[in-house]
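Okay, here's the structure, questions in a sec.
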Amino acid sequence: MAEHAAARLHLSGLCFFLQLLTIVLFATFVRYSPESSNLCSTEPSCSQRDPSPTLGYPRFRDAHLRALLGFGFLLAFLSRYGVGSVAGSLLIVAFTIQWAILAQGLFYFSQNSKIYVSTQSMVSADFCTAAILISTGAVLGRVNPIQMLLMALLEVPLFACNEYILRSHLGVSDSGGSLTIHTFGAYFGLTVSRVLHQPHKDKRKEQQDVGHQHDVFAVVGTICLWIFWPSFASATTTHDSAEPWAVLNLYFSLSASTLATFVLSPILYEEGTLQVAQLQDATLASAAVMGMAGEMLSTPFGALTAGFLASQLSLLGSRFLSPILRSRLKTEDTCGVHNVHGLPGILGTFLGILLAALALSLLGSRLQLVFPLVADSSRTTTEQAQWQLCGLLITLLLAASGGVITGVLLRMKVLRSPPEGNEVESKVLREVDEDGCDRGASSEERGTVA
Amino acid sequence: MAEHAAARLHLSGLCFFLQLLTIVLFATFVRYSPESSNLCSTEPSCSQRDPSPTLGYPRFRDAHLRALLGFGFLLAFLSRYGVGSVAGSLLIVAFTIQWAILAQGLFYFSQNSKIYVSTQSMVSADFCTAAILISTGAVLGRVNPIQMLLMALLEVPLFACNEYILRSHLGVSDSGGSLTIHTFGAYFGLTVSRVLHQPHKDKRKEQQDVGHQHDVFAVVGTICLWIFWPSFASATTTHDSAEPWAVLNLYFSLSASTLATFVLSPILYEEGTLQVAQLQDATLASAAVMGMAGEMLSTPFGALTAGFLASQLSLLGSRFLSPILRSRLKTEDTCGVHNVHGLPGILGTFLGILLAALALSLLGSRLQLVFPLVADSSRTTTEQAQWQLCGLLITLLLAASGGVITGVLLRMKVLRSPPEGNEVESKVLREVDEDGCDRGASSEERGTVA
Amino acid sequence: MAEHAAARLHLSGLCFFLQLLTIVLFATFVRYSPESSNLCSTEPSCSQRDPSPTLGYPRFRDAHLRALLGFGFLLAFLSRYGVGSVAGSLLIVAFTIQWAILAQGLFYFSQNSKIYVSTQSMVSADFCTAAILISTGAVLGRVNPIQMLLMALLEVPLFACNEYILRSHLGVSDSGGSLTIHTFGAYFGLTVSRVLHQPHKDKRKEQQDVGHQHDVFAVVGTICLWIFWPSFASATTTHDSAEPWAVLNLYFSLSASTLATFVLSPILYEEGTLQVAQLQDATLASAAVMGMAGEMLSTPFGALTAGFLASQLSLLGSRFLSPILRSRLKTEDTCGVHNVHGLPGILGTFLGILLAALALSLLGSRLQLVFPLVADSSRTTTEQAQWQLCGLLITLLLAASGGVITGVLLRMKVLRSPPEGNEVESKVLREVDEDGCDRGASSEERGTVA
């Protein structure tokens, strides 16, 4: 009982400390961007001259959707973990947004030792939140909220660092985050999951029936992703006029990927009933594959093909690769993050590399927007393709090494859940553990090859 | 067992074939519209001169909501069919979007034997998806996924054809689709349902209790429709400045229709408890009635009255007309499509005809936007009203004849579900059948006249 | 049985009468605003000269979200009252929107004895709906639909009157409605609840288990509020370029408030499991506190601090104040309206007063937008702060006196539910009563101090 009360107070104290810390750091360093206050009203005639306030509005609109992706992911997990996990995920979202503003501000927004935030920084912070939630999906069910908070605390700066290297130093074009979000988030989480592997403890409980409620979440989550992801994916392309391609490509990819699920799923799984969760995975995979290539693809059929392949890859991965990962590599992937974000993210990156190499012949007048360095003749298309590949390697390296360090830190005795013998574990800590019946893994076990 | 496995592989094979077909057709014919790539960045000063990128943005935004209507409908069905039907509906949505781009492209977007797609074509494709989902609602529970796919395959070109005749040849003004979406979709589906009628097989199972889960969907679906329909309805009006009227009229119509449900429902149904599904029906009916008249109505009280009448019509129809349809006309209307889309759609068309005849005195300076042909003096208002009426007749004719042909094709032996005696039917095919406990019909049976 | 049928017909008749009344009043007084029809098409070159159609579009977009806040609240209640209450709430929403257009039109939009409506009036009507729903939350479970309709009938004009005095006469800046919506709605409802108190009747039934379904609504409601509130809150700021601050402040406030819930909740409640409903309360509280101060705060850390405090205040209030309210003041607060809207609304107002006093040094060039009277030098910042305080007192006075009058009227014999002895009560009237298991109150009772 004492341990149980202590664990609850530890979480409470940690949250208090972190919130205090961010408030102090915000008070010291963070200011609103002065650009958002050069207002028309002071110079009454400027609305004719300066179209930027109007142009800025839709971008702010996209920022207002920033929470959506996070919640889309959240709902994706909900379908596997139930209402019990929502509190933990909300905790991560609320903390990560504040922390990402600070971490990314250090790289991007600092002037005169101040971080100037605008709607654009909120969008960046949300991208970061998405990556952290992907990583959380790989370890959900085996870490307690304190460990989740610490993982976010460590992953956020690394994410910002990786993003900064790729975007600003290597000139990698990755507007939708195939590399920076999906690949980084998935492999960081998987490495942490591998390091946290404990032979004796990981004998998972029997699957309890998760019931219909989870299907409700899967349906709502799938719909949410279908509807809002396209506009989210286009929120960081810096040029308004290029957005339609990224969005249209994503739509085409989504529809092909959904249809493709109906092709392979009845072949792979005896049971035959297509689960809504598989459609959700297809939706996520098609978004991951379009992250980098979305604004490079100049024909709709390319998007259809990519979506089709991503969905097949994700289904095949969850059928054949996940059991190998679990038994041989001792990496428990609770929410199927590897099949849904990792593999499609890498597929998307290779597609992006291919398209970068062909950019001159395909993109035409859009070249300036997608690959400014190529358009400026400071790079050839081959060099751009090499840098894109280089970005993949750096991302994998940083994700893996960061994951190892984080995993080792999280294994520290003091952070672990109260010992197993203790029946009256803290409910705050326990709920994530107990609700943890990974449907993703179970659906593979139930279905035998047709 | 062999049949069961075969049925599953048939669906898988059909999906594969259709996806391959659309990829090949897209590769051959579909390109992104060149207009979306004449970018400002190549001429740095054009943002001052050319306001179109900014103006185009909100339209793209509306396109991003394209999936919503489809899912609104989907949720409407969910409340009657449960999670089991969502996979089938998603399959239809994913296929229809791709197919509609091709079919509508043949009529609208073809230049140099290429189809140029833009966000506008996505919006059109989504309108088509809405009509297909309405038709699906009339036969849901008695067709298998293969039949649903084939119905979509046949209905999409017919929808595109009808829309093309009405808009481009007859000059009918129908921005929200009272005729092209609601009336066409409802009567096409009802005709198919009539042709599919099989005297011996249609002894429906007893109503199983659908439980609370369906209410959850009805609530979420109603909310979704309330929130997003107005902006969807205005997505195809070609003039930005006229949109507010269509949207405001729809809002007024929604609120009057919701209030009106509380007037008639307690009188018609003994039970007294107003079901959320009835409110959902009222929401859909008020949208159907505003489809054509939304941008023509120049006073809010007209919208209030129309919403009030649409809700009453829908309730009276489901109370008195549906039983007659079922017993006398042998037309099973599983989701109440006739009361919610058919009747209000026709009511909306008559309202549109009336308003067209009065256009000169009511619309004033908006005439140019709503009836360009009348404003150009190439038509009188009476002629415009006659053409609107003519549009109704053509729509009904095309819907009915297309429905008969489709129904006859779907009755072919090879397409039907495995024989009834077979216990171990394929779950893929079965789920839609078994979940099919039509609450719409049942609510009428349970309630006796007060 | 006779009474039961009569009660149902009373509701039906009242709805019919009210709908007829609004239709007649709309036909007589309400017209669309002529501004929304001065279209570009009549003068083909005006799009270059007049940027207003473009600027107007996003505002219309916000209007399209008007229903959202209402439904956010609705979902908030759903998590406590279940599907049964949704019909009643929709009835209130549908009626209030129409009635508020009329009531607010009398104060704001009347010219030549006509009320001109535009998207802006829809936004105002929606703000009013929000306040009515807050009040409803305080009495939900103890009034029947007829009483709820009459309460809305009386509260709407009073809300419009209070808003008019504060905005137009006192020059109070309250764009997000800390005062006009949250404080007014909460204290009006609480006063009605106090007057309706009946010693013998209020012995509430035992708590029935509300089950998991309500958690689903709490999750969806919380997500809905997280995502859409910011843009709603900024819908009535009259200047486009100032919106980002209000929105960004709200986001920061939301995230701090969510994190803060994890600090205090484990300390206050033994049980330890953080309920999603508490996170929802924190979300609502952080929005209430930012209502007035949102566009005045010039630094993000202020928003973080305010959100942190609002969440703590709401939690402490529900732990320690609600029992006192119930036992000593005999005021049943069914949905915890006092802690979620009342207290944070007052906290937000005091924050607004403080910021108004410091406006000169903090706001700089934005002063013109937030406090036009101060910028025009017709007021000092101290005077502005005094007027803001004065607005608080007037709001409390009007809410309390209006609540007393409404409560006394609602206690009239003829309006009460059929007598308790009658078993076969009308289901329309009963459902709200019986479903009424207030989780808000119960969660306090279950949890004992740690």
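Just a few scattered comments:
For clarity, chains are labelled A, B and C in written order, and residue numbers in each chain start from 1.
The definition used in the following text is that a residue touches a chain if its C-beta (ideal position, glycine included) is under 8 Å from a C-beta of that chain, and two chains touch if they have at least 3 such contacts.
For reference, the UniProt names are A, B, C = Rh family B glycoprotein (gene/pseudogene).
All values reported here derive from a predicted model rather than from experimental measurement.
Between the two copies, subunit A and subunit B, the C-alpha superposition involves a rotation of 120 degrees in steps of 5.
Because subunit A and subunit C carry the same sequence, their contact can be compared by residue number, and under half of the numbers here are used by both.
In terms of their C-alpha centroids, the spacing between subunit A and subunit C amounts to 34 Å. The set of subunit B residues touching two or more other chains comprises 51, 54, 58, 61, 213, 216, 220.
Subunit B contributes residues 51, 54-55, 58, 61, 212-213, 215-216, 219-220, 222-223, 226-228, 230-231, 239-245, 247-248, 251-252, 254-256, 258-260, 262-267, 271-276, 279, 298-301, 304-305, 308, 364-366, 368-369, 450 to its touches with subunit C in the complex.
The touching residues of subunit A, counted against subunit C in their complex, run 4-5, 8-9, 11-12, 15-16, 18-19, 22-23, 26-27, 30-32, 36-42, 47-48, 51, 53-54, 56-58, 60-61, 63-68, 71, 74-75, 78, 83, 86-87, 90-91, 93-95, 97-98, 101, 117-119, 122, 145, 213, 216-217, 220, 426-428, 431.
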